[in-house]
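When the chains are written out, they are named A, B, C and D in that same order, and each has its own residue count from 1.
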Amino acid sequence: MSFTDDAWARTASLRTAIEELAFLAELADGTLAPAAFRHYLEQDARYLAGYAKALALLAARAPDAAAGSFWARASHTTGVVEAQLHQDLLGGELLAAAGPATGEPDSSPSCLAYVSYLIACAATEPYPVAAAAVLPCFWVYADTGVRLAATARATPDHPYARWVATYDDPGFQQATSSARDLVDAAAAAAPGEVPAMHRAFGTATRYELEFWRSAHVQETWALPLS
Amino acid sequence: MSFTDDAWARTASLRTAIEELAFLAELADGTLAPAAFRHYLEQDARYLAGYAKALALLAARAPDAAAGSFWARASHTTGVVEAQLHQDLLGGELLAAAGPATGEPDSSPSCLAYVSYLIACAATEPYPVAAAAVLPCFWVYADTGVRLAATARATPDHPYARWVATYDDPGFQQATSSARDLVDAAAAAAPGEVPAMHRAFGTATRYELEFWRSAHVQETWALPLS
Amino acid sequence: MSFTDDAWARTASLRTAIEELAFLAELADGTLAPAAFRHYLEQDARYLAGYAKALALLAARAPDAAAGSFWARASHTTGVVEAQLHQDLLGGELLAAAGPATGEPDSSPSCLAYVSYLIACAATEPYPVAAAAVLPCFWVYADTGVRLAATARATPDHPYARWVATYDDPGFQQATSSARDLVDAAAAAAPGEVPAMHRAFGTATRYELEFWRSAHVQETWALPLS
Amino acid sequence: MSFTDDAWARTASLRTAIEELAFLAELADGTLAPAAFRHYLEQDARYLAGYAKALALLAARAPDAAAGSFWARASHTTGVVEAQLHQDLLGGELLAAAGPATGEPDSSPSCLAYVSYLIACAATEPYPVAAAAVLPCFWVYADTGVRLAATARATPDHPYARWVATYDDPGFQQATSSARDLVDAAAAAAPGEVPAMHRAFGTATRYELEFWRSAHVQETWALPLS
């Protein structure tokens, strides 16, 4: 069994918890509160800005030019998506659905924890472990997106239709497949790193769960900075 | 006003919250539950292992050899303290007080979030911002330690006496003072970074609070990795 | 005067030395020895593999998502060009012109020094300094390429016609302009870094000179590794 | 055979070339030109400032706290030695021997190439490769130092006596032994990295040779920066 097949199987209970999230059910059928949707988009923009950094660090430490080039492109694409999200948040269709802007938001606790973890892995863990850590963001998202988009398309006047439609973009599914291949190649080349790779993959999957859960409750910090 | 004086003043309410923590009150008077103390020590060992990495990254990006040398020594010292903590946890006085070992523990959510944040800052933020981020671990600890140690010394048969005594080590107070000087020098050299430095200092101070609070409730993850 | 205008003016004598290089004159008029051309292509492939890493590190430390996204795309593009170069070296038109393959070549002293310098800057120097260091590879190349391509196009049966034609690609000229803008923005945001930025820009320009000079003499190490 | 024994054996011809260097013969018997000695000390100070960064990056990416702590201490020690060297260069015994100060010198081509290579390895290569790259600076120096110091001690009125005496410091010999152990452990844990480790060890050994050779000829750049 490949590393990624194994990692996917081991995280089945975390994914079940993801599938049962109220956030995703409500996002699929269009009943999600606009304020929760805005919270999610704001935090997603913050997350993607950091995710692009983690992918860039991974590119710098990739074992060959093909792998490096893939992660660098993914970093660039992440930046483009983040910029589009920012533009959507400042005006237009999504703004209308999700309520008034709140200024440049702080990262929520779950968002900061997740993105810090990925950057820290990419900066200090061996490449195979760092590659395993960034994979769930591709894969869990791609997996969830297909189901989400199918439900949303069947819902007339879905308020978040345009946004949810992007979830099952074929290019993103292809990128996810390529990312899996790179992680499997890394595991095959460094079998000693496989246990740490499983911990990283599991930890990032758990953060995917926390990220969506925290959006539903519009998570904030218990205390402000000052 | 120096950057650090300003940063200290701005985080007064976070520090008040720290001073009011049940964890610190009970640690000071010796009534802290052994299981909570063990949780804290285990997480502290995990934290210090990552803090040493953040300090080493900072050393690599310091603006001159004197600053680099300071952070590298701090990284080494952190590693030594972490090793001592591990040894204490495996046997001896502290073990007796704090209950049986639990094997190699996972990082708690608060521990992982804090240490990931520091490593991520040290890897990708400008040096002045990263230096501001690592400072509260020195300073809040040094500030808290003096009061804690005074109370503990006045308590007969304090179960954690030896450990709390290390809190007001003069060498640590001196290192804190040197770290402040380096952060102030960084702020003076790069005034454009000061707002981001305040955010980093405040965020790390808030994580100090979260770290102790999470130890008191013996924080664990909602879901296991697999 | 913008930083990059100033940096360009300060390195005028280095650029004059570049313009007078026998390597470039012979590459322009097609008289360059095939073995020297092959040496250059092999080293260029090695260089680009490392340059992509430097750009990725820069992306990870960029001050905002737009800058990070630009450097990540440049890293990806560099990887694509490197892959194309490898393919050309293994067969086809360029191989015929440049003589038989020599196996996976070692980096030459000048190639290794240049690319190591850029990666080291991107890993440990402040972002503005690292950005200034990677700029000459864009700019000197774009500047040289226009003249080179003009001469080569006027030369019937130019042996390296296809390759030289890529030198004045409009997309590359545009990327150079964007890279200059980012470096100027970095200088404006951190005036204290400008002297170090000039040193980095000058050092990289000098390495551009050394790189072409070393290709002409088919530079190798004085002693093998073992 | 351990990795380091193998690496040492494979680099025998590079070490023979080192042992035959005029620089080392003249440094041993005290006939080295003061200007060459000064050039060496100036470049050594520049080198050590960068070497400390490479060691700090290595500390941040070490596989466990004991290894990280060792490299962090080595980084700190390197900084201390560099500071002492700077002080010696500004006044006192060594200055008298080596001639007047020349201001803050530029890194020579060989110095910059070597130190950039080590920082680049530590930033982007897997930990075992980076650890192999920094080892020759310990080991070749320790190996050379014992012979050098023995000769120098036997030379009456040796002008560089105090400085050469530091070469066979028992603490440094011990640190070299510990560094070897860490590199051997890294090779044992990641056999797939061993070929790249040999290339890195060999490349750094060759740079050791170049560094001393370049000091003897008081190497400078062919062209100034501006």
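Throughout what follows, a residue touches a chain if its C-beta (ideal position, glycine included) is under 8 Å from a C-beta of that chain, and two chains touch if they have at least 3 such contacts.
As the structure is a computational prediction, the values presented were derived from the model and not from experiment.
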Touching both subunit A and subunit B we find C, D
Indicate whether more than half of the residue numbers at the subunit A-subunit D interface occur in both copies; give same if so and different if not. same
Need the most distant chain from subunit A, centre defined as the mean of C-alpha atoms. D
Contact-richer chain pair (by C-beta pairs counted) among B-D and B-C: B-D
If you average the CA atoms of subunit C and of subunit D, how many Å lie between those two points? 30
Distance between the centres, which are taken as Cα means, of subunit C and subunit B, whole angstrom: 45
Distance-wise, how many Å sit between the C-alpha centres of subunit B and subunit D, to the nearest whole number? 35
Where in subunit D do residues touch at least two different other chains? 53, 57, 60-61, 119, 122-124
Per the touch rule, the subunit A residues reaching subunit C in their complex are 48-49, 52-57, 59-61, 65-66, 68-69, 71-73, 75-76, 78-80, 82-83, 86, 119, 122
What part of subunit B is in contact with subunit C in the complex they form? 60-61, 63, 123-127, 189-190, 192
Looking at the complex, which residues from subunit D come into contact with subunit C? 10-11, 13-14, 17, 50, 53, 57, 109, 112-113, 115-117, 119-120, 122-124, 198-199, 202-203, 206, 209, 221, 223-226
